[in-house]
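In what follows, a structure is listed as structure tokens, so that the remarks can point back to it.
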Amino acid sequence: MFYKFIQTIDRFRPFLKAKAHCDVPCGIYDPITAQINALTAVRMMDLMNGLAEGDEKSRVDFHNSISRYIAVKEEHAEKAKHEIRVIWGDFIKDAHVEKYPELPALVHKIMQFGSKSRQTADRDAGLAFVDAINQFAEIFWAIKDIKIKRAKAPYAPALEMVYPDL
Amino acid sequence: MFYKFIQTIDRFRPFLKAKAHCDVPCGIYDPITAQINALTAVRMMDLMNGLAEGDEKSRVDFHNSISRYIAVKEEHAEKAKHEIRVIWGDFIKDAHVEKYPELPALVHKIMQFGSKSRQTADRDAGLAFVDAINQFAEIFWAIKDIKIKRAKAPYAPALEMVYPDL
Amino acid sequence: MFYKFIQTIDRFRPFLKAKAHCDVPCGIYDPITAQINALTAVRMMDLMNGLAEGDEKSRVDFHNSISRYIAVKEEHAEKAKHEIRVIWGDFIKDAHVEKYPELPALVHKIMQFGSKSRQTADRDAGLAFVDAINQFAEIFWAIKDIKIKRAKAPYAPALEMVYPDL
Amino acid sequence: MFYKFIQTIDRFRPFLKAKAHCDVPCGIYDPITAQINALTAVRMMDLMNGLAEGDEKSRVDFHNSISRYIAVKEEHAEKAKHEIRVIWGDFIKDAHVEKYPELPALVHKIMQFGSKSRQTADRDAGLAFVDAINQFAEIFWAIKDIKIKRAKAPYAPALEMVYPDL
Amino acid sequence: MFYKFIQTIDRFRPFLKAKAHCDVPCGIYDPITAQINALTAVRMMDLMNGLAEGDEKSRVDFHNSISRYIAVKEEHAEKAKHEIRVIWGDFIKDAHVEKYPELPALVHKIMQFGSKSRQTADRDAGLAFVDAINQFAEIFWAIKDIKIKRAKAPYAPALEMVYPDL
Amino acid sequence: MFYKFIQTIDRFRPFLKAKAHCDVPCGIYDPITAQINALTAVRMMDLMNGLAEGDEKSRVDFHNSISRYIAVKEEHAEKAKHEIRVIWGDFIKDAHVEKYPELPALVHKIMQFGSKSRQTADRDAGLAFVDAINQFAEIFWAIKDIKIKRAKAPYAPALEMVYPDL
């Protein structure tokens, strides 16, 4: 049924391999954008939960705030997923997948945690999203032979993040 | 080094499994959007190559046309990649990956062929992009237990496409 | 008062006619994108009404879900209107309007049903939106001399749709 | 073949009529946005033609400038079309079409001139685009019982525009 | 600590000055776009407050309307800020700031009133936003040596606006 | 002429001050996004200049590459400007401007260097853009009482950047 796929891969091996050795025209890949966006999703969850449990506000103010938090959460969780997709599709080559065979499942999990972070205000889903992206960042910097460090983000929710040790 | 990933997956297995059985709040997934977008990328390649080889036009007209073809190619190839990412991240579950183990590599190839289709006007790259998305569509409809048929698209470049047989 | 308009049309008849016979640089026109987007608007209405009538959820979860359904409904209804406008503005020529004189009113209705589908969760408005776009699709495929068939969409809300019979 | 359309219109007449008398939730409609955007398209044509005929620039500078003019032209012509579509779909009711029967053809022409303005750097197409939108503005302000005046736009290309006489 | 900034400014004075005398490639700058967008934000506040105080509607209808008003308010307040940033960054030169030294603080206030207009439905914040943008418009037209007039906007909320007297 | 502005500022001092002490609902502000975007603009300049001076490529390939570099440069320079505007409008308060009186001129320069980086492929303009944003980052982190360090970016063009020392 999928025999054509094998052919396709064979047919295109030459130029895909070429691309693996020469990643011009590359952009600038940096997982920090995805990391900040995922962190923002958790922050919005915290604001949403704080608002729902907090002192009563006027009906209009409540709606204005919660709608904005949800919209910001949507936008940033989506952006985080998009950024990971770009790095994975444009920077990660077959050779990297061979060396880090957990990559395909990790990227799939990032997409699923990202969707969960959009569909709920469940902080655990948000934490898993950040965590999985941090693991992706760890692999990314390992591929680039740059050491990492762990430090708390300098803004709420101040989760421990993976940074390159420049 | 990646021990935390295993923990993460274990910690979130419950709600991910729950989601697999109950895909509310789902959108409407249909690979045809990605297929049409990839087809459009090939169409733009044909227009680009035709323009470069065709009768001389004024300098301004040439630039206006080629810039627009490139921009349309960019936008549609990107949209095709985005649509596949959404279906893969939101519709495809671990159980599907177990049944169709070629899925992770296929999705990775789609991203790579999509990038190649943006980076060049190489028609073979565009054909591989369409081909890989058609294979994804085939798996998608198989998961939904809907038979497929193959037919030429009713517009240039009239490539053979996978359609659900409704 | 509008005498200038007549002049304008006369002045531009030559190049507009030329365009009617040669639709390069055309994109790929397919009403299926509008049809799927309108269907998604109805799906979101169903989810909204189901949520409001369903079991009580936490305040945050309710808001998160309903905001997302509304936003998805907005986006897809708008996208459906946009797609019809593109086909109508770029593909439909004066000769088609002469042959199908109901077209201008039909397109106007699509815009109005689309707005109604954004302004409410009134399922009848959504159904009329889908219905009018299906009628547009029927004319579109007739112009292209391609037979149509009717079949239920392979996803909720499974409305009867117009498809080309390829 | 299209009998269903008549039914649809009949079925939805009640709420459409209701809407015609009560345009809440209305936005703020003003054709000036479309007019400025169409004017910008003409301005970009002038810059494009000036660049192609002007003193030789470096290859990179030439490409940078012409690509940006084309992209700005695309974006603004599209925005002008979008704005007219919004006013036409949301503000213009059947009663207005009865009073100004030229409206459907005028809106169709605006879409066609807009596309022509995107597909070429033909200044006549741009002028027709601006002209047709000015005529639309004239009808719009007449519907709102607000007198108009004509004046040159206070920026290049300084075409004569229709403004409300406030 | 910031000594490098002085160097930077000195280093780039030549081309910045050149640009001040020759604003090709300029777009078409007109504060009316920002003014209409800010007015729309106030309109949405009025609709939000009216909805919250008005007759009871169904739960779904209430949510659909208030979410849309908030989203429209967000989009238009953001667009107003963006338009001012563009005029300020691309049209306003150092010489203008010397002549109108209140400009930097005024632009900063516009951004803050714009954010306040997004974060609340506080009509006073919206009025201040419109007011500050009208003041910006007044300076803008003064720079271009075009007289202004004040008139009520021809749509709700019908605030007094600054218009060029063409 | 601008007496109303003083009134406006006075009238709104209360809530603006309140906001300065309580920055809920804040997002997560981090200048790194602007820094990476500005760096990307320089990278695109390098690719553009390299392409123009490099070995001859086919006409279509040359256009495809240069158009994409220009579009990426546009998008990222714009994004950098947008990010700085957000931090400046939402995070920077009057008290910060009093402490760092160079801020308004610095932000204005960032906008101008950003426009210059869009209008040309002049690497010096790009360097000034990155430099000014680094200076903004330095002030930003000083306001947050977080020490900075300088290090080369871990990707081409490997310029020296300001990073928080976490």
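A, B, C, D, E and F are the chain letters, set down in written order, and residue numbers restart from 1 in every chain.
Rule of thumb we're sticking to: a residue touches a chain if its C-beta (ideal position, glycine included) is under 8 Å from a C-beta of that chain, and two chains touch if they have at least 3 such contacts.
Note that the structure is a prediction, hence the values are computed from the model and not measured.
Undergrad: So which chains count as neighbours of both chain C and chain D?
TA: Shared contacts of chain C and chain D: B, E.
Undergrad: So if I superpose chain A on chain E by CA, what angle comes out, to the nearest 5°?
TA: Rounded to the nearest 5 degrees, it is 120.
Undergrad: Which one of D-E, E-F or B-F makes the same contacts as C-D, at least in over half of the residue pairs?
TA: Match found for C-D within D-E, E-F or B-F: E-F.
Undergrad: Measuring centre to centre with CA averages, how many angstrom lie between chain D and chain F?
TA: One centre to the other, that is 34 Å.
Undergrad: Between chain B and chain C, what distance separates the C-alpha centroids? Give it in angstrom.
TA: Averaging C-alpha atoms per chain gives centres 23 Å apart.
Undergrad: For chain C and chain F, let me know how many angstrom lie between their CA-based centres, rounded off.
TA: Their C-alpha centroids are separated by 40 Å.
Undergrad: In chain D, which residues are in touch with two or more of the other chains?
TA: 25, 65, 67-68, 71, 119, in rising order.
Undergrad: Taking the top-of-page definition of touch, could you list the pairs of chains it picks out?
TA: Contacting pairs: A-B, A-C, A-E, A-F, B-C, B-D, B-F, C-D, C-E, D-E, D-F, E-F.
Undergrad: Can you name the residues of chain B that touch chain D in the complex?
TA: Residues 58-61, 63-65, 67-68, 71.
Undergrad: Give every residue of chain E touching chain D within the complex, in rising order.
TA: Those in contact with chain D are residues 24-25, 27-30, 32-33, 36, 39-40, 43, 47, 65, 68-69, 72, 144, 146, 149, 151-156, 163-164, 166.
Undergrad: Which positions of chain E touch chain A when the two form their complex?
TA: Going by the criterion above, the answer is residues 48-49, 52, 66-67, 70-71, 74, 118-121.
Undergrad: What does chain A use to touch chain B in their complex?
TA: 1-2, 4-5, 8-9, 11-12, 15-16, 19, 25, 81-82, 85, 88-90, 92, 97, 102, 104-106, 108-109, 111-116, 119, 122, 124-125, 128, 131-132, 135, 138-139
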